[in-house]
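The same chain A turns up in both complexes below, where it pairs with chain B and then with chain C.
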Partner chain A sequence: MTSHDEVDAVVVGVGAAGAVLVRKLADAGWRVVGLDAGPHWDPQTDFLSDERAMSKLFWRDRRVTGGDDPIELAGNVTGKGVGGSTVHYSMYALRLHRSDFETRTRDGVGSDWPLSYEDLEPYYDEVERELGIAGPVDWPWDAPRRHRYPYRPHQLNGVGEVMARGCDALGITWRPGAIATLSAPKGDRPPCVYRGWCLSGCTTNAKSSTLVTYAEEAVHAGADIRPHCMVHRVDTDATGRAIGVTYFRRSADGTVHEERQRARVVIVSAYSIETPRLLLMSASSRYPDGLANSSGLVGKGLMIHGSDIVFGRFPEPVSQFKAPPPNTITQDFYETDAANDFVRGYSIETVGPLPGKFAQLAASTLGLWGESLREFMYDYSHYAGLGLVGETQAQDGNGVRLSPDETDTFGLPIPVVTFSYADDDRRLLDAGADTQRRILEAAGAEVTFRVSDTAHLMGACRMGNDPVTSVVDRNCRAWDVRGLYICDGSVFVTSGAANPSLTIQAIAARTADQLIAAGRRHEL
Partner chain B sequence: MKPSPYPGFDPMRESEAWEDRDRALVLSRLHDIPALRFFSPEEAQLLDAVVDRLIPQPDRAPDDRVVVTPFLDQMLFDDDTDGFRKDGMPWDQEVWRQALIGIDQTSNARYGRRFVELDATQQDDVLSAFQSGEAEGAVWRHLPSAAVFTKVIEQVVSVYYAHPSAWAEIGWPGPASRRGYMRTGYGQLDPWRPREIGSASSVQLVEISESVGGPSGSVGGTH
Partner chain C sequence: MFMKPSQRRPRRATEFSGGWSPTMRRLRTQMAVITTASTALLWVDNLSEHYRGGFQRKLMYVPVVANPVVAAAGAVTAVTGGRRGARLFGLLSGAQTLIATVGFIEHQRGILNRPGHHQPRQLLFNAWYGPPSAAPLQYLGLGLMGLMATVPPSAAAPVLARIPIHRLMRAFSALNIPPLWGEIGYLHARGAFQNPAQWLPVLTLPVAGAMSALAAISEADTAHKAATAASGWTALLGVLGTGFHLYGLHRRYGGYRRGSFLFNWLNGPPAPAPLQMVGLGLAGLAAERAVSRG
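What follows is the complex of A and B.
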């Protein structure tokens, strides 16, 4: 087995969080290795404008999904390769609201975070600036902002105009979304040309994935990013301290070799399925229930966003495929409202699926096939869709465990994911769908239909102030294992009702600063 | 069937504006049909007959029809699938083999003949039973036919709507790379977009009340 010399930090997963960590630590002079299970993409040669060809961006290794409401995995919630799912995410770059960090205190549900909005605010600012987020001049909802968005908002597309018209008629506040694609040049990256292929991988580099921002800058700063490296164990020494990782590296000729990377600090940033899977696979005689799992909470409390879409047909062409699908947003329904029969709330955002996805949604939802499906699809250009980002509550029964009897191509136990909505989640989804439909009808929709869907993963290694009820502390340090950090969407305590990527990145930026400061104090 | 509202539109006519690699991919899809490696000839013949009812193409000469089965075969042989399975369901390769056996079982139970020997009305009856979860046959006692039907139709439409002939009939111009779009507003068309003739579809939209597996992850999320 190849053993690499010890470095300062090894980061497992170079996605939304990992790329931020790798670059910030490398900038601070750390020797950093980033390991990613997938390729290191070149958008100008690897990315095609083709829905089927670009399914290669998704994590499609063997997984089982169960529960009363099994999550659709692959393209909805996962990424594989440097940049992770930010390569194909929808680019809504939203902050959580202040209330999201204290739902137990305010609403009696979930748990309070060990962080406040104020703790994260400077890091939201930092990441928005680094990514070049395009957003409205004012943000009329919570979270309060000290600075304007660094780039001007994008022009409205057809779906955005529909949403704006419907909201205006109903007195609902809307704004152009805060979007991680450039509206003006940034460095050598050009502004968006409105191709509308954002969810299949951007070929112009206008999209601020971490692939073309943080990860690229990390390489320039001297970080060693190694693709095709599947980490299967976090190694610990006789004292129980994390000392590195062992991984399978796939060479260009397809052969697989096992390698070891020692590091003073191990950071797991593999997201809400692979992070708990890796910790559980790292069980040893010292840690029989998996690493960092004395609380028993590794792999528990997985959350998603209820992401139902309502589509409406309009008399003129909407052309939902033009320009980035994320275009406008309302957060008027985000906070708890005593008039509702549920607590917490939701955002409503524009969507714009390409024909293959739209046909799949219609076929599965409306049961269409035969000539009626082809005729229905003639109207593809006339549909506008509004998507929900609906908060769900963490439940210990939802989560990730290892399969007792099935393995992947490396011989590793595959993850089994379980998810069921709570009754409150369903009431929230129904209320959201009613609002989505009202907006479309107020805008003049001739017919509407609702698609059930989910998006995003949050939780499964939550942070907290108490080692009994959390896996990591407020700085993402594992309570149980010295030298081990967990930093990605899995540390979320509540889901919020906003796309999670910006918060994941803000937490990563903050964690990097905490690590750098601890290193200076010789406290790692 | 109702004709397309975009008569004469051909996205390939604008393919000079596409990236070379996008054009090469689409052309290979038109001209390099993959050989069968996963399905047996008998299975492929049955699947052809099923696809012919799920996506009928009576408006096209046989040589002009969009070919679907070989691309499903390629997907399954290369294991180019979503990668996950629902608890209680087998992996995709087994789902497709079992589905084809089940369709013939239902066909035999209802009409005493194989699916390929039925007329179109009878075939549609079998597929309706498959879709609604009321299909007869040993396979459907351990596999939920409605969930399997959803998987089948989602993959069939994914292949069909990856073809320029399908893009033509829905007025969609394809890769849009490199030039993107200039006019993005409601009702606005760039000069290379086709004009429409005719009225909206009269297809009734009825949401299936019980979710039978939810939308697939295979071509990505939405927001």
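What follows is the complex of A and C.
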């Protein structure tokens, strides 16, 4: 086994959070190693205008999905490779609302975060600036923002115009979405050219994935980012302190070697399935239930967003494939409304699946196949789709555990993911789908159909103020294991009704600052 | 580049040149040259923008078709020193002001008809991605310059008796700047002032406009100097702006490569647009030059 010299920090997973951590720590002069299970993509040579081929961006290793409402795991909820799922995500860059951080106090559901919106606000500002988020001049929901978005919004695309028309007719407030693709040049990155292949990997670098922003800058700052490294154990010493990680490294010729990287600080940023999986796989005689798991909450409380899509057919072509699918948004239904039969709320956003994905959704929902599917697809350009980001509540029954008998190609136990909606979640989903349908019909849709879908992963290693009810503290430091930090979407306490990437990145930026400050105080 | 009047052969007096002093004849020829060049350049911009808009309305063809005719008449007028084509150029310039006025109204309607028009806060967003709000006013300005370059002495005399031509031009420059400034301002805001140079016209054009306006009400020598500086700076801004816009095209994906150029030309910073400032500045300089020559 190759053993590398000790560094200041090793980050497991160079995605939405990991890339931010690696860059910020390297900028501060830390010796940092980032390990990612997938490749280090080159967008100009590795990305193709080919939907099927680009499914290589997803995490497609074997996993078991279960529960009453099993979620699709081999699709866009996770990513593999430097940049993680930000390489193929839909780019909505939204903040959580202030209420999301205190749902227990306000609405009697979920738990309050150990952080407030005000704690994260400067980091939201920082990440938006670094990524060059293009957003509307004003954000009419939640409390006012301190700063404008750094870049101006993109123009409406066909689906955006449909949604705007429908919202206008119903008196619903809408805005062009705040999205992570440039509307004007930034450094050597050009503005978006509206190809519409964002979910298959952007070939122009206009999309502000962490692959072309934080990760690239991290390399320039001296960080060592190693692709094709599958971490399978967080190592601890006799005192129980995390001292590094052990991983399988796949060489270009396909051979696999085991290596070890020692570090003063270990940060796990592998997202809501692989993070708990790694902690559970790192069980030892000292930590028989897995690392950082004295609360028993590692792998529990997994949340998703109910993301049902309603499509409407319009007499005129809408060209849903054109321009970035994230285009227009409303958050009028975000907060708890006493008139509803559910608590919390949802956002409605435009979507724009490419033909392959659209055909897949239509075939599975409408039961079309062969000739009927072919006939249906002639109208592809006439359809506009609105997607939901519906909040779900954390339940301990939803989560990740290790399969007792199935292993992956490395011989590691595969994760078993269980998910079931609560009754409240279902009522929220139905109400959201009804609003989506009404908007489309108000815009002139001739027919509509609803597709069940889910998006995003959150929770499974939640943060808190009490070691009994949480896995990490407000600074993402594991309660049980010194030298171990968990920093990604798995620390979410509630899901909110906003796409989570920006909050993940803001938490990572804050954690990096906390680490740097702790390092200066010699308190690591 | 211009011969002294005494060196020139006597020319047949026409309605264009007859009755004017040599200085005024020269100034009118220069204005015809500037108007023609600006009109031709604006045509390129107009064609690009209306093509990008897919000629969704038939009205969008009108300036695209009319402008080459105006520019051609202007060219004949300029080249012949007004002995040919001046009357037609004047008539067409008058028509151009009408086209520009209709265009201006239609552009505002285009903006106000976009989704979200009932929300005042969406107005700026709609202006960013609707038809350019003040662009037709540049057309209007050029039409007026064409008229000034061709108006018969009999029609001009009552006005010129009260206000000398250089002060008229100062007022004209001052009036042209607010819509130009507004257009540059909101379009550079759409670009998020990502290049600090985008602030240059936004911050300095109002100063140039104010200087021209103040100079329009004065015969003092300092007014002449101020107006000259304002016009010179306006022209220089146009040159710099064109350079920056050409550089901006290079920064877009594909830059000047053959497969990308048309897309970038249509969607990137409008390369010919800043040249309108060159035209406006040169017209002002020509008027000030006429003053200094008496």
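As a convention for this text, the second predicted complex is superposed on the first by the 523 of 524 C-alpha atoms of A that agree within 3 Å, B and C clash if a C-alpha of one lies under 4 Å from a C-alpha of the other, contacts with A are read in each partner's own complex, and residues count from 1 in each chain.
By our rule, a contact is a pair of C-beta atoms (placed from the backbone, for glycine too) under 8 Å apart; a residue touches a chain by one contact, two chains touch by 3 or more.
Everything numeric in this text was worked out from a predicted model, so none of it was measured.
> When the two structures are laid over each other on chain A, do chain B and chain C clash or fit?
When both complexes are placed onto chain A, chain B and chain C end up side by side without any clash.
> More residues of chain A are touched by which partner: chain B or chain C?
Counted on chain A, the partner with more touching residues turns out to be B.
> Where does A:279 make contact in the superposed view: on chain B (first), on chain C (second), on both, or on neither?
Neither: A:279 stays clear of chain B and chain C.
> Quick one: classify A:174 as touching chain B (first), chain C (second), both or neither.
second
> In the overlaid three-chain picture, which partner chain does A:155 touch, first (chain B) or second (chain C), both, or neither?
both
> Of the two partner chains, chain B (first) and chain C (second), which one does A:60 touch, if any: first, second, both, or neither?
After superposing on A, A:60 lies in contact with chain B but is clear of chain C.
> If you stack the two complexes on chain A, which partner ends up touching A:186: first (chain B), second (chain C), both, or neither?
The second partner, chain C, only.
> Looking at A:14 after the superposition, I want to know if it touches chain B, chain C, both of them or none. Which is it: first, second, both, neither?
neither
> For the overlay on chain A, what angle lies at chain A between chain B and chain C, C-alpha centres, nearest 10°?
Once the two structures are overlaid, it is 90 degrees.
> For A:369, decide between first (touching chain B), second (touching chain C), both and neither.
first
> With the two structures placed on a shared chain A, what shortest C-alpha distance in Å links chain B and chain C?
6
> Could you pull out which residues of chain A sit against chain B in one structure and against chain C in the other?
155-156, 161, 193, 204
> Under the definition above, what is the set of chain A residues touching chain B in their complex?
Its residues touching chain B are 45, 48-55, 57-67, 70, 72-77, 88-90, 92, 155-158, 161-162, 192-197, 199-200, 203-204, 307, 309, 313-319, 321-323, 325-326, 349-357, 359-361, 363-382, 385, 387, 389, 416, 418, 446-455, 499.
> Which residues of chain B touch chain A in their complex?
For chain B paired with chain A, touching residues are 1-2, 4-6, 18-19, 21-22, 25-26, 53-56, 80-88, 91, 124, 127, 131, 150, 153-154, 157-162, 166-167, 169-172, 174-182, 184-189, 193, 196, 200-203, 205-208, 211-223.
> Which residues of chain A touch chain C in the complex?
136-138, 140, 150-153, 155-156, 161, 164-165, 168, 173-174, 176, 183-186, 190-191, 193, 204-206
> Quick check: in the complex, which residue numbers of chain C touch chain A?
Touching chain A: residues 115-116, 118-119, 121, 124-125, 128-129, 189-192, 194-195, 248, 251-254, 263, 267 of chain C.
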